[in-house]
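Pasting the structures here.
Common to both upcoming complexes is subunit A, partnered first by subunit B, then by subunit C.
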Partner chain A sequence: MYQNYSLMELLGYKNHIINLYYFGKCGGKIIKIAIPRALLYYEYYPLWKSFFEALGAEVILSSKTTKDIMNDSIKYCVNDACLPVKLFHGHAKSLIGKADYLFIPRLKSIAKGEHICPKISGLPEMVKFSVPGLPPIIDTEVNLRKSKRSLKKSFFDAASYITQDKKNIQKAATLALSAHREYISALKSGKLPSELLENTHLTKPTASDLNIAVLGHSYNLYDSYSNINILNKLAAYKAAVYTPEGFEDALIDKYSRIKGKKMFWSLGKRQLGALFGYIERKMDGIIYIMAFGCGIDSFIADLCERYAKRNGIPFYLMILDEHSGEAGINTRIEAFTDMIRWKKRNENYNPAFR
Partner chain B sequence: MKITIPHLGNLYVFVKVLFDCLAVEYILPPPCTKRTLEIGTKYSPEMACLPLKINLGNFIESIELGADTIIITGAGGPCRYGYYCKMHEEMLKDLGYSNVKLIAIDPYAGLPALLKSIKTIFGTVDFINIAVSGVRAYRVMAEVDRLDKLCYYIRPRELVKGSANAVMRLLRDKIYSARNIGEVKKIVKETRAALLNIEVDTTLNPLKIGLMGEIYTIIEPFTNFNMEELLGDLGIEVDKTLTISKWIKEHLVKLHNHKEKAEYDKACEPYLKTPIGGHARESIGHSALYAKRGGDGIMQIYPLTCMPEIVASSILPALSRDYDIPLLTVVIDEITGDAGYKTRIEAFKDLLLKKREAKNNDGLLCRN
Partner chain C sequence: MTAYYVGIDVGSVSTNLVLLDEQEKVFSKLYLRTQGQPIRVLTEGLKLLKNVAGKDYTILGAGVTGSGRQLAATMTKADIMKNEITAHAIAALHCCPNVNTVFEIGGQDSKIIFICNGVVSDFAMNTVCAAGTGSFLDRQAARLNIPIEEFGGYALKSQMPVQIAGRCAVFAESDMIHKQQTGHSTEDIVNGLCMALVRNYLNNLAKGKTIKEPVVFQGGVAANVGIIAAFERELQVKITVPEHYDVMGAIGAALLAKEEVKNRATTFRGFDNLNSEFVAKSFECNNCANKCEVVELMQNNCAVARWGDRCGRWSSMDNEVKEKKVEKQKTATLA
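Right, the complex of A and B next:
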């Protein structure tokens, strides 16, 4: 009977019951914490949600991206930021008045010797000084560049707004980490973040003859408003879609070790690793979804294009911006899938160019 | 082996003197021109930041002159600059320059790798000699940086407009054709004397603008339309905290001026709590300090899509409100038409003048 609910919903019910029990006893006020549905929500939402709920707070999530949120994003954010950062501003704006705190973790590094992105590191301040009228911001710093030990401090930092009970925080942190591990292992088993977090399923193509790898940061791939639902569109053109989230970390590590220079962006590393993995698996085509103005992808997408070209795999770079017109995207995807099919059918027979 | 470097303001002075001292063969890239930019833009990823494109242009122009080894510095992120060396390698490879060798001086790659690359560049393990020559070259470059600084003072005050520019314009060509360190030193000394000879109006109190932002676009005069000259000719005194000599000291040798760092870190604290890469923190901290020192306005310059400076640019308006100091953000891309920028700067200057007048007249805009 539970299969119609997503993992998140089930987790929410469980925590809700714990809350009722806990606060029924002490009669405290439930603190509401708002989390914008943007950027690294697609990576860490289960972690933070179970953490705050285990502490007895209520987590408020912003709605899925809508036209209003997009308009607010453009209105409040500096105009040369990238699309996902802009969207984060819009989501933060939509949460005004709904919660006691706005949770914007300052994610500087999530692995040893690696970074995320300067804009994500400076996100709390960007939002704070751009959107007026926000609730107080919880800007916990997560910086695992030197060692993993600072993670504990980050949890205590974030929890200090809700409770000072050290034992409770410790327990919540353990719970949160196990929820995160569960989420990651669900991703590795082939589920998509949109399935786990939002219970929206990809339409499976009835008879697919193409295998297409879609690379890109998770916030570009799974926000179906900003990417104009590209994953489902590909399915409509009878292509089976593969995304980087399903790759094991060890494989990512192995493949992303390109000669010459360590890739120091965690998000970029995943794309490069997935690219080489999919080249090895002989995909029919690779689509890279990049947001306009993304600094990391301006390099990674270019590298991916070079490597895909050298290996003779059709590559298409799709750049997202604030446009919401679908026709252009449809045409391009149709053209791309057609080209691949023609290539497969008669690559060695092309009288027009002989 | 003929070594070349990318342009970065007065970096060419350092490289020239250093390689002259150690008798290394090198080719200085021709000064950045429209052609450099065109080459770079043509072959670089579309959305990469401007320094990557212009550096590629420098490399290709040097290779055309016969260079076969490129030196570039690396870094550890999160700014894109740290990954330039790999990108350049791939781009040059795809362009067919497979005989060109790329040596990265990367403090983050570990000491053995760093020493090895230094050894391949100079062909010697005499690190004491290299260090001594490095210090000598550094001193000359710092002297040229000081000449620039002197010009900031002279330009708005000179009685005959354009005299400082006339002196400075010859400097680069002269240094390019100098044969040894003695000649370079002599040229710098003569230029300094010529600058000091210019008659100035010491009673003048010109408008003061602080140039903040991304280091490459601030330092390299080609990319920012000779912003210092432009502002100086409009009668504005420029203040620039980032210089190439300071960058080398902090980035490559890791010698920070701790007192200064503590000062701007403290000024930056309410606006940006942690360093985020690039020079975002410097931009914000120095802007606050500059406002406190009594500057009239702040100009932030950065190339399109520069990640750290975008964060700074969304925070600086709040700082501008708090310190009551006007702010002009200039984003630079491949467009080479400077009329738009000039218009904006002139308008900004008028605004600053009116603001100063209003301040002197107790809030009245006019006292007629």
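Right, the complex of A and C next:
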């Protein structure tokens, strides 16, 4: 009976029951917390959602990216930010008047010894001073660079806007972490964030002769508006699509070391790890989706290109910006899949194309 | 009776048509300026081709390519619709079977295609902007008041090229004006622009890749002797420009069509059927917040194709139904 529900809906339901049972938060004013559907939403939404809901708050999520959100993004954000950061502004703008607080955690580091994009660390200020009329911002700092112990403080910090009850906060944190683990293990079992969070399924080609790995930060891969639906487009060209989210952390860790050196950008590390993993699994081609102007990807995408080429795997770098025309992306995808098929046919039969 | 294959390349700047005979020789070619009106230019082009073909001919197949390929495919009911990269690679292989690198510079796109043993092994296209393409030269030629056809000749007369920023057409323009103001000759500035374009092209597309000879240079910009010279100076390799460099995309499309119709009859509408009037309209779909810009191609006031929507609501409308509607309307007007 649960098959028709997405993981998120089930989680929400579970949390709702827990709320009623444990905390009796059914009376009084329910605090509304807004979360923009952008950037690390694709990584942490189940965690944030179950945390706030367990505290008795209601979580308001912005809608999927639309033309209006895109227009607002460009209007409100500083001009030289990358597209995903701009989109975050648009999503934040769309939440004005819908909630008591806007949740923009200041993520400085999400794993030991690793860093995250500086724009994500500075996001609370960036949004606060760019978009007028926002509700008060919950800008909890999360910094796990030295150790995971500071996470507890972050949870208490975020919860302080809703309740001061230490016991409740502790319970909510435990629930949130287990929801996060559940989400991660669903990802590792081959589900995509878009399936788990939005219940939108990738159309799987019936018969595919191409295995294509699509690398890129999750917010570039799964926002189907800003990337012009690239995953489904690939499926339409009868390619089976593989993304980095399915890889075990241990494998990512192992693969992402180049000559023993650790890659210290968390999101870059995953791409690099997935790249080597997919090279080992002998993909037919690799596409890297990067936002124009991304500092991390200027290294990582280039490294990926070099290693893919060295291993004889066709590689294509797709750069996203505010373009909405499909023609350019269609041409590139068609040419890329054509090229691989032509190559494969040649390897198998050997006489030239005609 | 002679048999032909039709190749059509609807690009942003030019619309090219070719008739290939059965020996894959170019019987006739047309290079027309699109001028933002692909439908009108394509209709005219097909009429011209019909005149060239004479009275006794048959069309065995038709292929379309270029950024306007969807429009052209719907209008002509071509047998095959292919992207520009594949079409250009096929055409380059046809004229120079041992080619290893293809440079193609068109109006809005520039491409580099690497070929290994007769198969495309890698390609790159300009990313987010049109710097390093033909439109950049067009624009600067207009500023300098030189017809684009003579642009390359000026570059060859230059004694010393001036350094001009080539990253962006806007930067280049301001740089160029400064150089003009300080008294550099037009020839030197033109040469500087050619070198800027070549530098930009190589930095953007060929970055970190080895360019192996033979190199074939095609696309409209290959007409520019200044650019060819700049490429040869920069790379120290010999650049081959094929005889029909300006219509290579169309040749590739025709060759692909030949392959496609090997075992079947063509679906090509024929030259005459274009007498019916084609009009493209666009509207904003208001069914959801995405507000897609949908293009609708009308034949005799009846929609025959729609595209541009994200959800498929418009583009997946049954083509058969649309065709029938058109037929119905035709008989109605005849009666």
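Side notes on the structure shown:
By definition in this document, the second predicted complex is superposed on the first by the 333 of 354 C-alpha atoms of A that agree within 3 Å, B and C clash if a C-alpha of one lies under 4 Å from a C-alpha of the other, contacts with A are read in each partner's own complex, and residues count from 1 in each chain.
We take it that a contact is a pair of C-beta atoms (placed from the backbone, for glycine too) under 8 Å apart; a residue touches a chain by one contact, two chains touch by 3 or more.
Everything numeric in this text was worked out from a predicted model, so none of it was measured.
Counting residues of subunit A touched by each partner, subunit B versus subunit C, the larger count belongs to B. Legend: residue contacts after superposition of the two complexes on their common chain; A:I116 is shown touching subunit B, with no touch to subunit C. Once the two complexes are overlaid on the shared chain, A:H217 sits clear of subunit B and of subunit C alike. In the superposition on chain A, A:K233 makes contact with neither subunit B nor subunit C.
Residue contacts after overlaying the shared chain place A:H323 against subunit C, while subunit B stays out of touching range.
Look at A:K86: by the touch rule set out above, it reaches neither subunit B nor subunit C.
With both structures placed on the common chain, the touch criterion links A:T331 to subunit C but leaves subunit B unconnected. In the superposition on chain A, A:F292 contacts both subunit B and subunit C. Overlaid on A, the two complexes show subunit B and subunit C touching the same residues of subunit A, namely 292, 306, 319. Only residues 63, 66-68, 225, 229, 292, 306, 309, 314-315, 319, 321, 323-324, 326-328, 330-332, 334-336, 338-339, 342-343, 346, 352-354 of subunit A touch subunit C when the two sit together in their complex. Contact residues on subunit A toward subunit B in their complex (touch as defined above): 77-78, 80-82, 106, 108, 113-119, 121-122, 124-126, 129-130, 139, 141, 143, 258, 260-265, 290, 292-299, 301-303, 306, 319. Within the complex formed with subunit A, the subunit B residues making contact are 45-49, 74, 76-80, 82-83, 85-87, 89-90, 94, 104, 106, 108-109, 271-274, 276-278, 280, 304-308, 310-315, 317-318, 331. Within the complex, the subunit C residues that touch subunit A are 67, 82-86, 90, 93, 117-123, 125, 127-128, 208, 255, 259, 288-291, 293, 308, 310.
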